[in-house]
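These notes open a run of structures that come right after.
Each of the next two complexes has chain A plus one more chain, namely chain B in the first and chain C in the second.
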Partner chain A sequence: MSDVAPAAGEDAERARPLDTAVEFVRELGVPRLLIAVFVVALFVVAAVTHMDLGRLVTDSLSRVARNGILVLALLPAVQGGLGLNFGLPLGIVCGLLACVITMNANLSGWLGLSLAALLGAAIAVPAGLAYGWLLNRTRGQEMMVGTYLGFAVVSAMSVFWTMAPFHNTQLVWAIGGHGLRTTLTLTGFYDRLLDKLGAFRLFGVEIPTGTVVVFLGACVVVGLLLRTRAGLSLSAARSNPRFALAAGISDEHTRVQAAVASTVLAAIGIVVFCQSYGFVQLYTAPLLMAFPAVACLLIGGASVTRATLAHVIVGTVLFQSILTVALPVTSQVIGGDISETARLVIQNGMILYALTRRGEP
Partner chain B sequence: MSDAILDLRHISKEYSGNRVLADVSLRVRPGTIHALVGENGAGKSTLMNVLFGMPVIRDTGGYSGEVVLDGRTVTFASPADAMAAGLGMVHQEFMLIPGFSVAENIKLNREPTRPSPLSRLFGRRLERLDRARIGADARAALDRVGLGVDEWLPVAGLPVGHMQFVEIAREVDKRGLRVLIFDEPTAVLGESEASQLLEVMRSLTSQGVGILFITHRLDEVMEVADDITVLRDGAVVARLTPADTSVERIAELMVGRATGRGERRARPATHGGTPALEVRDLEVDMPGERVRGVSFTLERGEILGLAGLAGHGKIGIANGLMGLYPARGRVIAHGKPLRLNDSRQAIHSRLAFVSEDRRGVGILPDESIELNIVLTAVEAQNRFLRPGPIPALRLLDGRATRRHARDMIRQLDIRCTGPRQHVRRLSGGNQQKVCLARAMTLQPETLLVSEPTRGIDVGAKHRVLELLRALNRDTGMTLLVTSSELVELRALCDRIAIVYEGRIEAVLPPDADDRAFGLAMAGERERTHRE
Partner chain C sequence: MRPALQTRLRRAAAPLLFLLLCVLGAIAAQITPEFILRELLARFARNALLVLSLLIPILAGLGLNFGIVIGAMAGQVAAILVTTWGVGGIAGFALACAVAVPVAVALGILTGLLFNRARGREMVTGLIAGFFANGVYQLVFLFALGSLIPFHVHELLLPQGYGLRNTIDLTGIQYAVDDLVRVQVPLEGQLVRVPVATFLVIGVFCGLSLLFQRTKLGQELRAMGQDAHVAATAGIDVDRNRVIAVVISTLLAALGQLLFLQNLGTLNTYSSHEQVGMFAIAALLVSGATVSRASVGQALLGTLLFHTLFVVSPLAGKALLGDAQIGEYFRVFVAYAVITVALALHAWQQAHHERAAQRG
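Presenting the complex of A and B:
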């Protein structure tokens, strides 16, 4: 903040605090407000029924941190005019491949984790280039093409996992010694390495400091990238391709850049996800992973054509908190489990809602 | 008088405070052809929308005035109502289903049917089609318009000209047709087809139908019309008959005559030296505004105007130079050859462009004013960026951007709440100033401005023109101004080139007489020379 009072009239555009608050609520929107109220209500019910609040908050927090980068990965795609990147599984399998390769080489600890992230990003670059090329040839149907590409890639990789020449006994099926297991445990490799880094307890809540910091760091990096010349080209080409052309920007290029950025972030995101989760899930596990991520972004207030960092963070917190708290609370109160149903209703309902508002700013 | 079959009385229409039709009256007599001519944006389409009861008119507050058909005042709630009352329209774009046969297209949704067992149970919608009668009706309609094509051929394979006749046949087939409207029907036709069409129009009138003929082709108007109404800026500027007028007179009326002769500018002192632009044989593939070989020289410090009727290619020239549409030819910009088809190159050659398509090319509506102003300079010139090793990854310099935007807002008097306001919220005139600010930010030697005053209110028009004049006078900036408004070109330019059918027909001084402009715009000049 400047210590010199701005000259009268000069800074008329700098809104007063009250206006900012009103504007904030307006920006936040009714759906988000309702969901936020719902989340708070869930926590209140949890407290009233004497559940372990600290435990619930801890779980929410670690899920938020764990999923954050996968949601963030959608941001460049939306900004680049590709819509919601339902092709996220493409980047995810790149990250999974990197995990498996590093584990097969018995790389563990910080070396293993960072190499897995780097290698995943490296594999994601050519994959993203190809994805961008494909999307340029199927203009206007990015989301549908992404969905099916994701399905196709996950299925193709399922074949690969069974046939790939990995031999590390910790990874392959015990019987037959051939083909990767569906779930690989990271114990002894980099299980919860980031979660435990600088972790501390606060009012009974365990803070997974490392993962949270990595997520927020990634947000800052992406935010800065969007403020660079390349980032500005990206959003200019999205919001008006002919304006961009007049400024010498080819929107074919920016769309490919957006696809690469999104795929690379997804690869890194899944590596962070796996270390926090403690397992690497192969085969069909990544098949539907784009959907919750997309729902997070949309609950945060993004649309098909516009998304911001705030949408990423707010949306991830709201959506993941619901998932974490709804399960124990509903089983406590109703005595049954409707949380999975609630998750599907909220997740797919949000996606549907966003698609009906397509084209609105 | 009661002899009019269709009588539009004092029609006025506003779109959000912007008057597009002002007290337009027009009478179509039975058995005659009434030509309605006017430049793009003169209000012809709006008038047709009013006539046909298009929802867009009602949604934007309706219109004032009366539509009288056959002596009865009518208000149509929808185009279907209008058609039921005896209005027909032949569209500029074909409204035909390619996979259906000619006959099916003609009778679509008006098919003669016969009862079937299903229809007895479930109602008329399930009656069987009477294909024999469909064919016979279609044949009769096709014969009336003189098209010998087999009525069972699919529309998809027909030549474009034939499709136009199928459209007309469909309208002709409608029972109770009173008035038929042709919306630029000859735009896609070759010469012989066009004259055949005019023939058909005449034969239709002999059957008592009134025809309203909307067109740009003035020689056709002279050939077939009984009455002519000229529309400009939403108002009727003349009612004529071919006998007492000429093509150049109509052209002149369409574009308007110079009123402000006193506004003539003083010529800048610094002509000469290397020209700003030397354009040789420029061809531009811009749909609807094709340029077919244009050569001209733009002197430094000069203001050159490009005028001409819509569709003749004046708009294509600047777009081609800036790399927005595929172009061929040789261009030397400020002494160096300009590589065409590359916007970045054009900007590097110190050219800047304010597009005629403000919403489509000129602005990013959902971004801030400041970003709109600096973005092109950021992308093409790496300006307003913080230092960094890789140009693409240099961060936007928010402070410099803000400072520059404030400067521009003050300098151009952009009415806004501040540099962070979104451009969408600004009025047309202020959006245009943002476009100008963006172009000026590039610090060009030559500024190409297309339709600088289109769609902005009168006060803002004046300020924008004043601004262009000041730029030229104070900074010596060379200007190439493309405009449909001859008046403003004559007040602003040193020379005015008239574009006709993709070529420069004439270069005239701004004080040449109206007749010379009219003649050049109608392409009559060359024709008279040839004869």
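Presenting the complex of A and C:
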């Protein structure tokens, strides 16, 4: 970015205001602008119709914090040249498995939560290694292989959840005494533990401090890691594999590192998601989770080959706000719930836009 | 030249493994061949054309067309329209086909143009395009119909006054083709419908697919599938032909979905189309077809094998583990796993060839 900025500045001085505006729109991207306008419009409608704005912002904020790390998990994959990691469910089921194991052992509170995150990350390392190995052998089709690997793993885990030897009565079906329930409630374990940590009210908005801090903290950690030697070689190998090889960096290694980082973050991300949501959803729930996360990243301004921390944060805020605010606002205005349909159109329209953009390296 | 024995064995490995799985499952659940035959008659007639619709994009080098979901939606639009017009029987079915054709062609052109902008990632683009189209479909039928678009058949609307009901009875066109030539055979003491006319339709489309591959266009598509660059140098309009391949596929999928629906007799307005792509693709792949190579015979064989497993799996799950649900999860896993393995193998070979080409 920095090497383009001076030239653009010179042009802007000579250009007429209209050109500057066009340039600004091009820089931002038409879909991004439309979505930002849409978010603002939703809030304006909410304000005009005297809805509880504080409530809406509270809900948006808690959903942003809840989903943040799952979106962040996509960043190393894009930086490492793996494209959009539709294989996110692989990491997600690692996290879910960790949640179930810790809950089965009756671990609750901070111990339960931190052990679940640690264990999830630990399970995700070998899973990510295998995933990276597979993606190295299927170059050029990473997104498709990732998508279907994710689907296959989620459905294999569905068989596992019904047959696994868990016996804690809070987790298994009451009838028959075996097979995990589809939704496990975290009440009494670590329900909203991070959300409540240091939570405070500001202008009628409740800030889920703990989860926000964890999300931003994870962003900082990932940002710092990407600036280390390993992180820099990751993007170097992505942008020019042959040049990197001449400098002693094998992109086979960096791509595996990227897959592991992405999978580990997804595992931690789902643990944070579950504590904030209050439930652990098993079986088919993780099947389509990668798609909204990918849409967040793209709405933030990322492309298939380039993403930054700013894209993660901006995208998550924009998309999750739409999802939160669209339901109450549309039901107020048109009397029906159009939010799920709007989500399908926006989310997949955004991914299509990114996949079909020309002039990408 | 006939392929070497080793290659032929490797190609037969997938269907043989699948056959073994089906046979073991059938033995475990003590399913009689008559039962499987009865189930397969209907299932094969329902699904074969949808599987056939995948062949031409594969020939043209576009890979598995996950966008056939869009074709299926075109078929459903037609089915909904003839139901509201109240036209039944074979006339209703013919009318539905006539309505489906222009819709499918238009959507096919759009999908083809989209694929031309996403060269090298047509499959993932097709998958996402299917999701996107599903959203637009919901916007039209769940929200616009009866509110923005005038619609007066109130029996089909949700109680709120707009939006189609979740299930629509297609009694008008049910068995329109299946019973065109009425044949019923007693199997295990029950009269079983043999959809002769449907099999005939499928046979005709098989023949057309084979004939198509011999036409000039078919040969051009084959050349593109082998090497798009060489084909372009030879003066073939690759971009245009790719769109044509997608249009044909979308059209066949629309007709295939209509055949599917006339047998089923009910339309799940918002979910009948969702899994069409996944099941058709998995069915094609279990026959040993690959992302770049598939034949009419493989499409038919794959449909038979895959749907045998579909019948057997829940029953085997119940017999072996006391839970039919496990069998159902298992068959979904098999569908996804088959696709994953095929995609991985394809990408693996492609990467291998590229590396070999770079070295050489």
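In this section, the second predicted complex is superposed on the first by the 328 of 361 C-alpha atoms of A that agree within 3 Å, B and C clash if a C-alpha of one lies under 4 Å from a C-alpha of the other, contacts with A are read in each partner's own complex, and residues count from 1 in each chain.
Keep this in mind: a contact is a pair of C-beta atoms (placed from the backbone, for glycine too) under 8 Å apart; a residue touches a chain by one contact, two chains touch by 3 or more.
These numbers come from a predicted model, not from an experiment.
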First (chain B), second (chain C), both or neither touched by A:Ile351: second
Contacts of A:Thr58 with chain B and chain C, given as first, second, both or neither: neither
Contacts of A:Leu245 with chain B and chain C, given as first, second, both or neither: first
Chain B versus chain C as contact partner of A:Arg306, first or second or both or neither: first
Which partner, chain B or chain C, touches more chain A residues: C
Chain B versus chain C as contact partner of A:Asn85, first or second or both or neither: neither
Touched partner set for A:Arg229, first chain B, second chain C, both or neither: first
First, second, both or neither for A:Thr324, with chain B first and chain C second: neither
Common interface residues of chain A - those touching chain B in one complex and chain C in the other: none
Contact set on chain A toward chain C in their complex: 86, 134, 137-141, 143-145, 147-149, 151-152, 155-156, 158-159, 162-163, 179, 283, 291, 334-336, 338, 341-345, 347-349, 351-352, 355-356, 358
Complex contact set, residues of chain A against chain B: 11-13, 224-225, 227-230, 232-233, 235-236, 239-240, 242-249, 306, 361
Residues on chain C engaged by chain A in the complex (per definition of touch): 114, 117-118, 120-121, 123-125, 127-129, 131-132, 134-136, 138-139, 142-143, 160, 162-163, 321, 323, 325-326, 329-330, 332-333, 336-337, 339-340, 343-344, 346-348, 350-351, 354
Of chain B, residues touching chain A in the complex: 322-324, 342-345, 347, 353, 355, 357, 360-367, 371, 375-376, 378-380, 382, 385, 391-396, 417-421
